[in-house]
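Let me begin by presenting the structure, written as structure tokens, before commenting on it.
Per-chain numbering from 1; labels A, B, C, D and E assigned in written order.
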């Protein structure tokens, strides 16, 4: 009987959810660890299957509907399209990497830790899958709660304050989103109240005049801007990244910030085109300022995690600028860049974590000469670092190239100013590589050892993915083009 | 000015004056006595309005039972004028007076604007306030509230027990 | 009807039980048994629409699905409250049976104020609700705080009674029918006549006092703090919600037609309540007092229902009453058992009592309005209601900003439970007060409550769909 | 007699009660002021009742009796309230030997 | 012929394979093996390149499509290789010179640990791969891939000895300055894409007419910015001298022969665009000649043997840009080729000297080396003559062609060019004289150690020396021999369109002879002057003053950049980090929190605990509500 109802979108959400709940009850650390690893692996398999069965690239395929709140017309509906597939795949692929990379770390109350991680995965999956605004909001918040607990319990010294700020900040943002959803919802359908609906289609076909759009656009935008984060809504991020346990930071920066980008593409552009056009200069201006600003600040950071955080802000700034340039090429670039950035930043965190776990510090000023002690790590890091600054033939290049191209089409000066960030990115990345890995070893780094096989393996996987998608990005375009290109046609 | 009007003014002045004295008296005992006076004045109004039943009940229940209870308590506590310290905060006193007065002003000013206030009140006439009529009303239409108010008394009774009983 | 009569009767039974019951535990079981009977009979009435007793109330009461569902929620919350905190009632004083009797009387008042159709029953219902509460507040006789709370509650309650009566008098004066039926005010749709307007403002103030809306909320923190905790729990949930139902009944039936004319007042009160409740709660150190302020804040949210007064508002209010009551009763049940009522007292609870900590977290999340909990769904419906109303959009934003502030203080408790180490004293003593035991049954009940909250969060249609309009 | 006079009288009594509640510190006197407020409401109700009766007398001889029944109930409730209230005050007095409400400020902030 | 084109992909892939083998097997491969693999793959590529070269000699442009790199609704980028005369010529230079340098390196780097040795070859192979991608790419995007790739390899190789912080600093500087240029390149590509929808060479060049002159001006200027970065022109030249931190063969290959000429290649490739943008061309020639002169003056006072060569490279690149600027594309490419020969030769010779001196690079500590290292000495001398533009060495022909074109275009350019040539002759012979003549001024140990380098070093030197001598003969000017300029004929198809558009300046033979005589004569005088002055050089502490000091300090350009760009940027970053981020933005966010806290503390005082106050507030609230309801 369930055969007709259990679909891949289903599985992608429900499986991690159930596994997460189960994990809570596995008291032994090693069993909890293995169980959760197994679970994320199975999720990965499901996700791969979803990539394989993609004969229906439009959202209509593989849908699953259940009338959820009849009185207000909310449906429990999920669907996969190309972009959704890509991002669920990113989610599915990053969790095994994260777990394997942290396989050696030991956590107190490991069952809770892994359980929450799986719950976070379920939430993230849900965000990328929902085609109902209310459901989207549901998962949007659900992804946040496990992260809050993970950061606050297992994080660094100042974790409580940092995560609290993060939580309140994003929670406030999402409340605005909620109100925005309600406003749009009340404009859907015909005049009768029962015609209102939360479904994506209803939202996309909603008719709003320009002042309504302007108003509701900001409600949505603030939520997404905080999550991404876009300057000047970013200050929660460095603190949170710094204080979170690295596994969680990886989830946050690798996958979670994509929620905001995804939200903009899926929920903002098609619904508020007029507002986007009206505010394009403000939005791109903010994004571009943010890129330069974050890049400059990154130069001054001594903590590796903060450096990576600010670099992430700069990258995200480019993504948002590209989105609001409303060019097809830029949107296509954003989609591939979401994937690429996820992989790269996770790789970067893994390296930072490896260093911190061995040497107990993340301070750039205290490190040096690691290349002598851990050449493999260094090589892998260098690849990841260069992918992070979008060197050609690495995965980030294609995305950044297309995003800059789109930005250029929008306005040459934005592209030129934003382009400065690729120079600044080189400055801080190379600074970091030089100071941490090159030079002579000191008393601290003398004890550095080469990384172990499982760490090599995950980093290898990442490096392979970097090159694979860098040289052959076309499959990703094939996967996503039908879901992205129509959005930009709204603006033509 | 008819006798009724004279009575009305007399009773009104009495009620208000006694009311002011309730507030102004230093000693609680005097306050209680002035309050009783107020109640009598109000009962007088009831009679003017031909609400005989209420006039009686007011005297019996309020002036009789309730105020005696008050008096009893005050005597029991042996409160005298000195027991209440002077209001230290003079301005609180003024603000209290002013805001209470403005409440009156606001409502009166609002009423000034309407014509509804010119409606007349039936004086010393009409049978609606007679015991018989009210009795019928009370035991036919109002039997449910009448019964259910017993719950109120029960709880008041329990309350008196619970609160006054010495803990074992 | 069933519930009104049976609660009154069962109150009397409990009252007499005080004479016969020897053990202190006995009244609790009787009370639970009685409540179960009442719930069943009420449920039957909800399903069939036919009460057991056919009393002609001359239209003074009105029963519909909304009322009856609400009564069911109130009774069920009370049942949960008895189950979770029944044994703590026994600890307040000697007159256990009387306490239960008073609670049953309160329930009777609750039922009356949910179903009234004339102002007389409203007045009686509110008084029947209030007078036993004055007593319960003061029931910890040798505790000065309890005394003080009772006196404050009583004086201010009596004051608000005066206001309400003044309001009733003016409403009556303005009603040319000369009746007290709430749906008989024939003032048309134009500008309100002055009598009605004055009366309405008086009623608004009196009812705002009952639901502790600012600036008529001042009694709430003091009374909630001073009263024995176990009764605070009851007051803050069932009684407060009943006030809301009374509020919305009056304003929907009497003044629904001229909604626009008084909406501004309600929105001001709502905004003030949200602001004061949430802001003041931030700085509180005592969890009990913080919950008092949070109840004010939650009241502010519920006032959105009065503000909007549409179907969503009704659904939202029903859901809110359920979600809020469940969470608050659960939270208080845990709080009662704590050794230290300050936030620091919760430090390290997750380590000592994981079940308590986890369930408390779910309750707090529900109060904050995080998805997957009943709290979210109800807040969401109320927001829809407010947005749909379309006037005073600023209020919606004000509400969500205040909700964000509320996350701040609710999460402080979560932080304390999970992320902080217990202090010296708590470590030596344990988080739980002496004499309180955490039984398995208690834990199971808490878990069930938490599950119920989540269930309502996922499938709120359980409640909302049975509403018929 | 115009109803305006009665309204003025009742509201004035009510306001005196309010002022009394505001400026006195003796719990018993405050309580008495509340009683004054209740009586003002009673008076107003009766006056309105007679006002309505004036108009409705022809069509419905018992039309305005509801208000007087209501006043009766108010008195009933007031009596119950007084008993509880005085009990609370006495309890308070027993513990603190004072009926000064400003003495009651353990609960604040 | 076509079957050669079918395996053209092997040319870049072979070095890539070499990179992978050497990179992965660096712990297991012996030095011999990795050296063999490293050089072998390049040799194989070279052989294929030769075939390719021969096959395109008469043939047309070949466009070979491999796969779709990006193929979306909005953007189409094919992974194409374009094989034509220009690219095949560069293929030859890259693989040919590259091979020689690989061979040279097997000996030069022999003292490195096995691991690093293999790593070195891996990097070198990767560089060749990237460079090949750059020249073979069929569109600007593939070209850009190679373009950034060579930057990366340059970074890796400059920082090869990463223990030394100065070296890694130099590497960083090189990469970042390149990136600045790359940004220009990228923007140009975007411009093309947005206007033409394609970055394929043939698409762009066929559709030039669709572009407005503003577009072309902008695109060419941005492309030129890219070129200044890669080819070390003002203002982005300062990385190249610092890049000498890398191993000497690397300097020879990357920073002299190949990578730095990428800019020239790119502009030559886009000649049609540049021909249509006269303003850009004027800017190019001005920048080119200024760079040539500036670098030449700096080279006068340098004492580090490699630094002199580095500045000379910058200077020579300037000449090439002058050539491009005046439309003498063939001349520029010709100079690229000859420069590749003699500059690689000079660097390798310098390397040989340094090798013999045990790592010593300061010329003041050398001297009289000719008796110890005769092959090096002779080949070096030939190189010096070639760069100084002495006929009939290769440099003469190529430089002369550029100068002639410059004269035809604008005589002032020519005058400046000749001055530059004189300076070149001077500093090269200063270098030569200080190194190989006079007394040995090094330590005793060094003297003891002096020896001629092994065959793996000398053989490439000899081959390059031969090329440096005869390489120019394929471009003998018309004046000397009709039809002698074989290169021009060969490259004709590439520059055909430009030549149509450009205004031809025909010089009379007499003028041409005069020009040649002036430049050669001047250079000869400078040469002899230098020889005279420095062949008996004695070590002495000289305090430079006046202009000498300015030149010795490289015109203080680095200091200027530091003051004008780096430091303000750093201060700005500090300001952002310390003030804006912490105090303003985060301060605002935290301020909200603090305000809530403060508000909470204040507002709870309302709850005074006094019933009177409570009721008072209630009454005031009542009043407000009444007033609003009744009077508003």
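Simple rule for what comes next: a residue touches a chain if its C-beta (ideal position, glycine included) is under 8 Å from a C-beta of that chain, and two chains touch if they have at least 3 such contacts.
Every value quoted in this text rests on a predicted model; they were computed, and no experiment measured them.
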Third chains touching both chain E and chain B: C, D
Chains in simultaneous contact with chain A and chain E: C
Taking each chain's C-alpha mean as its centre, the one farthest from chain D: E
Maximum centroid distance from chain C, chain identifier (CA atoms): E
Interface ranked first by C-beta contact pairs: B-D
Computed distance of Cα centres, chain D from chain A, in Å: 65
Computed distance of Cα centres, chain D from chain B, in Å: 5
Gap in Å, rounded to a whole number, between the CA centres of chain B and chain A: 70
Whole-Å gap separating chain D and chain E, where each centre is the average of the chain's CA atoms: 97
Contacts with 2+ other chains: residues of chain B: 92, 95-96, 99-100, 103, 107, 110-111, 142, 145, 149, 152, 155-156, 159, 163
Residues of chain C touching at least two other chains: 120, 124, 127, 131, 134-135, 138, 141-142, 151-152, 155, 159, 163, 194, 197-198, 221-222, 408
Set of chain E residues in contact with two or more other chains: 593, 604, 607, 609, 611-613, 615-616, 619-620, 622, 626, 630
Every chain pair in contact, whichever chains are involved: A-C, A-E, B-C, B-D, B-E, C-D, C-E, D-E
Residue numbers on chain C that touch chain E, as the complex places them: 151-152, 155-156, 159, 163, 194, 197-198, 200-201, 204-205, 209, 214-216, 218-219, 221-222, 262, 264-265, 268-269, 276, 279-284, 405, 408
Of chain C, residues touching chain D in the complex: 119-120, 123-124, 127, 131, 134-135, 138, 141-142, 144-145, 147-152, 154-155, 158-159, 161-163, 165-166, 168-170, 172-173, 176, 178-180, 221-222, 225-226
Complex interface listing, chain E residues touching chain B: 612-613, 616, 619-620, 622-623, 626-627, 630-631
Chain B residues within the chain C interface of the complex: 107, 110-111, 113-114, 116, 141-142, 144-145, 148-149, 151-152, 154-156, 158-159, 161-163, 165, 167-168
In the complex with chain B, residue positions of chain D that touch it: 1-9, 11-20, 22-26, 28-29, 31-33, 35-36, 39, 42-43, 46-47, 49-51, 53-55, 57, 61-66, 68-69, 71-73, 75-84, 86-91, 93, 98-100
